[in-house]
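First chain written, first letter: the chains are A, B, C, D and E, and each begins at residue 1.
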Amino acid sequence: MHVAYPVVLAAMLFSIGVYGVLARRNAILVLMSVELMLNAVNLNLVVFDVWLADRLGSGQVLTLFVIVIAAAEVGLGLAIVLQVFRNRATIAIDAMTELNERDEEKL
Amino acid sequence: MTILEVVLRLVLVVAAFLILPLLVGQMEHKAMAHMQARLGPMHAGGFHGWAQLIADGVKFVQKEHVVPTEADRRVFSLAPAVALLPYMIVLVVIPVGPGLVAVNLDIGLFFVLAVMSVSVLGSVMAGWSSGNKYSLLGGLRSAAQLMAYELPLVLAASSVAMAAGTLSLSGIVEAWSPWWLLWQAPALLIFFVAGLAELARPPFDMPVADSEIVLGPYTEYTGLRFALFLLAEYAGIVVLCALTAVLFLGGWRGPFASDDLGPVWFLAKVFVLAFVVIWLRVSNPRLRADQLQKLAWQVLVPLSLAQLALTGVVKVVAS
Amino acid sequence: MQGYFGAYGLIALLLVVGAVFVAVALSANRLLRPARPTPQKLLTYECGVDPVGGGWAQSYVRYYVFTFLYVVFAVDAVFLFPWATVFAAPGFGLATLIEMFVFLGFLAVGILYAWRKGVLSWA
Amino acid sequence: MPAVQDIDYLAIAPPLILALAAILVLVAETFLPRVDALAIGGIVLAGGAEIALTAGGRTRGTFCVDGSCSFVVDDFTLLFQSVMLIAGVIVVLMAQVEIRDTRLPAGEFYFLILGALSGALTLAAGRDLVTLLVSLEVVSLPLFALVALRRYDGRSSEAGVKMFLVSVVSTAVMLFGISLVYGATGTLFLDRIGAVLATPSPLESVAGVGVVLVLVGFGFKVSAVPFHFWAPDTYQGSPVAVAAFLSVVSKAAGFAGLALVLSIAFAPFADVWGPLVAVLAAVSMTVGNLVALRQKTVIRLLAWSSIAQAGYMLAPLGAAGGGAPLGELVAATIGYVAIYALMNIGVFAVISFVGWVGRHGGGMLDDYRGLARTNPLVAVALAFFLACLAGLPPGLAGLFAKIVVFQGTILGGYGWLAVIMAVNTVIGLFYYLAWASRLFAARPETVQFGQVKRPVGVAIGVAALGTVLISVLPQVVLGVSIGG
Amino acid sequence: MSVLPVLFFAIPLIGCIAVLAVPERIAVVLGIVITAVTFVLTVVAAMSFSYVGGGMHLVTDLSWIPPIGLRFHLGIDGVSVPLVILTALLCLLGMIYVARREAGLERPRAFVSLLLLTEVGMLGTFISLDLLLFFVFFEVVLIPMYALIAGWGGAGRVRAARQFILYTLLGSGVLLVGLLVIYGNTSTLDMVELAARDGAGMSRAVQIIAFVLVAGGLAVKVPMWPLHTWLPDAHSEAPTVGSVLLAGVLLKMGTYGLIRIALPTLPEGALAVAPFLGALGVIGIVYAALACLAQRNLKRLIAFSSVGHMGFVLLGISTLTAAGVNAALLANIAHGLITGLLFFLVGGMAERFGSTDMDKIGGGTLTLAPRLGVLLIIAAVASFGLPGLAGFWGEMLAMLAAFNPAESLDRGLYLAYMVIAGIGAVLTAAYFLVMLRKVAQGTVAAWRRDGGIMDVTRSEMVAWVPLVVLVLVVGIWPGLVLGPTAETVSAYLSGGG
């Protein structure tokens, strides 16, 4: 299998993730989009590792770390989002405006 | 591998997947009945009701399929398949004899654990999509149970992987020797118990506790889809017992003639374990939610960590 | 059907077979079963009484703490498995074992902490 | 190849000690009434290891494969680690009072701070992308929790979510960049990437995209415009000590990583990232300063000013596109980061003394009127720190920092950037001075500052001492380049 | 290696801190002691060496910060000596002035401390021989001066102080960039070294850029038209001593910088930019004169007159001849003495009349308070350059130099400058005479006829008389200043260093 196929797939996955991050206004969905992006990265890494026949398996090693990082991010992210939900009863990102720049402070 | 061979392997796997759960189910009917001093099915098929489950199946296929108006129709319909298929996939990598395995994966153990946990998703989907309070509660309980017991399950499995030095299931069986029964006994227990919990089998059947939440995630299911869930449960038992046998009890290996009688030994172990599963159901009361979590986090996890340590030390000292 | 992709190809094939099996079964079901829905029949089941409130009623999720614990701990298995297969191989030895014990020690401390904080007991 | 890598335990001692201290604090907190001393002890012990390493005087590498090491302790590492440890001590000191006043869970707080600090130390020593990435996450993850630590304050959680989302997205982007770089070069060791990129290859464009994505990822971490928007909100919503940590340690860590990656791995691509960084720098300092001008609350002012300061720090790196010797440019950035860390943590130490006024950590600017009358020493210290941030005598530390940056920028032939910097320096002066002048204004009757609590006093003292030292002997931190 | 120059600013620096530790009432006394000691030291230093042949004396040269090439390099020569003494003197007199009981100084401790800090910066600027060190001292002046204006100034002090600091800081930023351009191209910050190189190592383009930046930065401080707009506000709102120091010393820091850094280090740049510098200088002269004619406020009038005087200094510098630079230095000193005196006097009048508005004060000061009136007349005529007083020589020589500028410059252009400057000088005389007519002579305003106006007190005399004397002395014997400078400057401009 040519290396381009999975790499293009990864790029598409990543783009979908980016789109999700930009278009979604729900914190959880943004988080899921990020997961998509990370999985695109994993796919890339593994494919490159195999393609390069890396003696050190660097790509695979990094993949393992990315998996763990992703899990930790999800864990923390859900906790924080839950906390917001408890305090505000919403997880819409646009609704989180209490800390925004006051008008007189804007440029 | 020729096409023929591929087809043969697929047919064998599908056959095993369809027949073994039925056998376990029938065994449950009868064993449970006798333990409770009754007879169980006696009529279907004539001899001791051997065709009872087939009859059940035929009945299920003919029953009306009801999707509640409140339900999320698509997820609701998909859930049984999600619950069922992973077990079939798992079967494909389980070795039943020396070289007798549909697909021999290097990371078989990893694969098995990963795929198995997908199955719980079926329950969660069912619980979520039914639009029923009982279902929702049951689905959440399933999820929580998976969370709690997945960790000891994985740790116990990795203890075996350490001992064998491989993640290949065939490799583990080959590396197995009888004294593991002693040395890996805690892991065996942990694995088996955690597996039962993941399957939501009694006494870990909080998610489907009929006295509290009717039938949990499956409350709204009828007809064939309900049957698929039932099938999934029994397939789960088969897979769990098969895995336990492979990982801890030497798989196809027996006191004699392992090479020739491999599958026989293997199946014998599976059914003995399946009997234990049934036995536990009959003889134990259901655990409460808090007891469930406590057992997982305060007993099984520390125990599995200790087992890992033991395995590591023994292994290094031995080498 | 050889090699890396071959093995997974077979698995994929099996998945297809499984899906077909389910589909066939459900189609058979569709042909054989009656279909006479009534509003009463399609009502959410609540032990025979009319449903109270919505089925999606909010319920307090007590389990999320465990979810976090799971996410944190189970994923660590990612490191455990590769290690488990090689730690006893020649050239690794005691140091490798101790390193993993340190790792497991961290996990154990996590559990200990959760336990001391009362997370593990049902409130 | 031996199966097991040798480990130089002294080299990894500082982060290791911190990690162990973090665990110890977490466990001890459930048994002991107070763990402040444990946390400080951990940092001091790590500092001791740092001194031992410095005294050793040679570059130590560990976790090496075929001559490339993942973890290297050289002058650069030691400088960053020392600065981070000092900042860490100050954060812990100033946090003590805040923890008590706002009822934060002490054990978790110290655990998370020490954990993040340990990650920051590792980052400065990391010489491969895996180590860098993982340690960057070890810095970031505890910070999400810390920012959202005031559980029942909606703004705290909001700050947490904002930072979290931005940060995870930036990590994902950076990772994608890393994966592309890996694909193009076949290695994750920085030095080898540099070597591979130096030779022409058909995959150059892939690597180029990767480089830019990695840069974008770091842009978020160091809160450079246009990746900055999370910073002010996050600073405002989080505990003051955490904001201090974010603005100092976390930012320093980001810059350490950026400097390492750009100067070792991506050096051959300086013409790609150089102009980009230059533009980031120019925009960051301009936007940061202009918005800071309009701020009324100190915490937001500091947030915007730290965005602007990030611009100054980026400037010399931006000049790398001009073909100047990279080592000197990186040294300029490093020097600025180190000096900035000290003076900025000082400001935070002082504002933690003012505490939570009117739902703002550190209060409004006008709350500082007349501080000089009631707490002259604190006021003088704050004025000094502000002068340093402004880069104006008597704040010589800041001036020298600015000068090395100017010098680097001009050396790289980026005169326009230097001019923008000069203009920005003046804008910056304005708001720093506006704040400082309030300290000496007449005091409104209503204001009561009260006594400086001992830990906060010590924190301010340590920061002031360090800044004065650097004002007189800036060569301690200037001229340190990577691998030097 | 000499400790003397270090003491110049070390003593005020120590004093600045020490003052904070003593009780309020003896703070001013301590301030007088410290400034007096400093003054004596500067005089001793000035007399301790010979000026023949130029060159640096009392040099201290230590390595400070190797990574940025910063050296702790101090020294004085003929160019800096007059300014050093002027600075120390004005600080001493200012301190004496605020020590008067009737000055009624608020928060004297802080005031004295800030004043001493200003002195540190000013003296340091004049004796630094390292670009960065120069810059540091140059900047050190700003903060205390800002605080003096903002803390003790008049009604519009906040705005004035802010304007002052913003303008000068902007200038400093540009200056710093200019200095760094020099450093970036020559890799040294040492002024002596740079002067000796005479621009070697820098292309013409670089020199021009650097010169524009350095001169532009310094021009704010000078102040050069059109960068002068901060000055009238700052001067008129500052407390008296602040105005004295601002006009007497701070402005000189700009011209000193031009002479010390820009000319010797960047000869080619100077050559290219000098005509513009001269042009702006003469525009400043005429503009200031016209502006002064329109002023009704004494302080603003004097402030604008400073712009004009500094225009002469710029003109002198822009000729790039020894004569011109000497003229500039002399005009510097003269302006420092005269304008210092003028601000003292106006400050005194403000105390008495409660205003500096000429119409409000009304005429007849000479009748009411003869000594005050006489001093005012002396200062004013000195300022517009009456021969025989200090102001005459500097402006006269500057115009003369313009008559004969450096060879590579366009003589015709400079002749035009000279003519315009001459017109400016006449206008200057005009506005000062108008001022004297309005304030000093004439009939006493009705509202003041009964209320006695106190004449100059003894303590005021102590503060003012030295300046009057020096105005006369320099006017009669300009060689006092020109002697030290001439030798040095000629050595300088020949490129020998």
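Criterion: a contact is a pair of C-beta atoms (placed from the backbone, for glycine too) under 8 Å apart; a residue touches a chain by one contact, two chains touch by 3 or more.
A quick note: this is a predicted structure, and the numbers were derived from the prediction, not measured.
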Distance in touch steps, counted as few as possible, from chain A out to chain E: 2
Other chains in touch with both chain B and chain D: C
Centrality ranking, top chain (CA atoms only): D
Highest C-beta pair count, chain pair: B-C
Chain whose Cα centroid lies at the greatest distance from that of chain B: E
Per Cα centroids, the chain farthest from chain A: E
Distance from chain C to chain A - Cα centre to Cα centre, in angstrom: 21
Centre-of-Cα separation between chain E and chain C, whole angstrom: 81
Centre-of-Cα separation between chain C and chain B, whole angstrom: 13
Whole-Å gap between the CA centroids of chain A and chain B: 33
Residues within chain A bordering two or more other chains: 72, 79
Multi-partner residues of chain E (each touching 2 or more other chains): none
Per-residue multi-chain contacts in chain C, two or more chains: 67, 74, 86, 89-90, 93
Set of all touching chain pairs, with the criterion as stated earlier: A-C, A-D, B-C, C-D, D-E
Chain D to chain A touching residues, read off their complex: 65, 129-130, 133-134, 137, 141, 144-145, 148, 151-155, 157-162, 164-165, 168-169, 171-173, 175-176, 178-180, 182-183, 186-188, 232-234, 236-237, 287, 290-291, 294-296, 300
In the complex with chain C, residue positions of chain D that touch it: 2-4, 23, 26-27, 30
Chain D contact footprint on chain E (complex, rising order): 65-68, 70, 121, 132, 136-137, 139-140, 142-143, 146-147, 150-151, 165-166, 169-170, 172-174, 176-177, 180-181, 183-184, 209
Residues of chain C that touch chain A when the two form their complex: 5, 64, 67-68, 71-72, 74-76, 78-79, 82
Residue ranges of chain C touching chain D (in the complex, touch as defined): 86, 89-93, 95-96, 106, 109, 112-113, 116-117
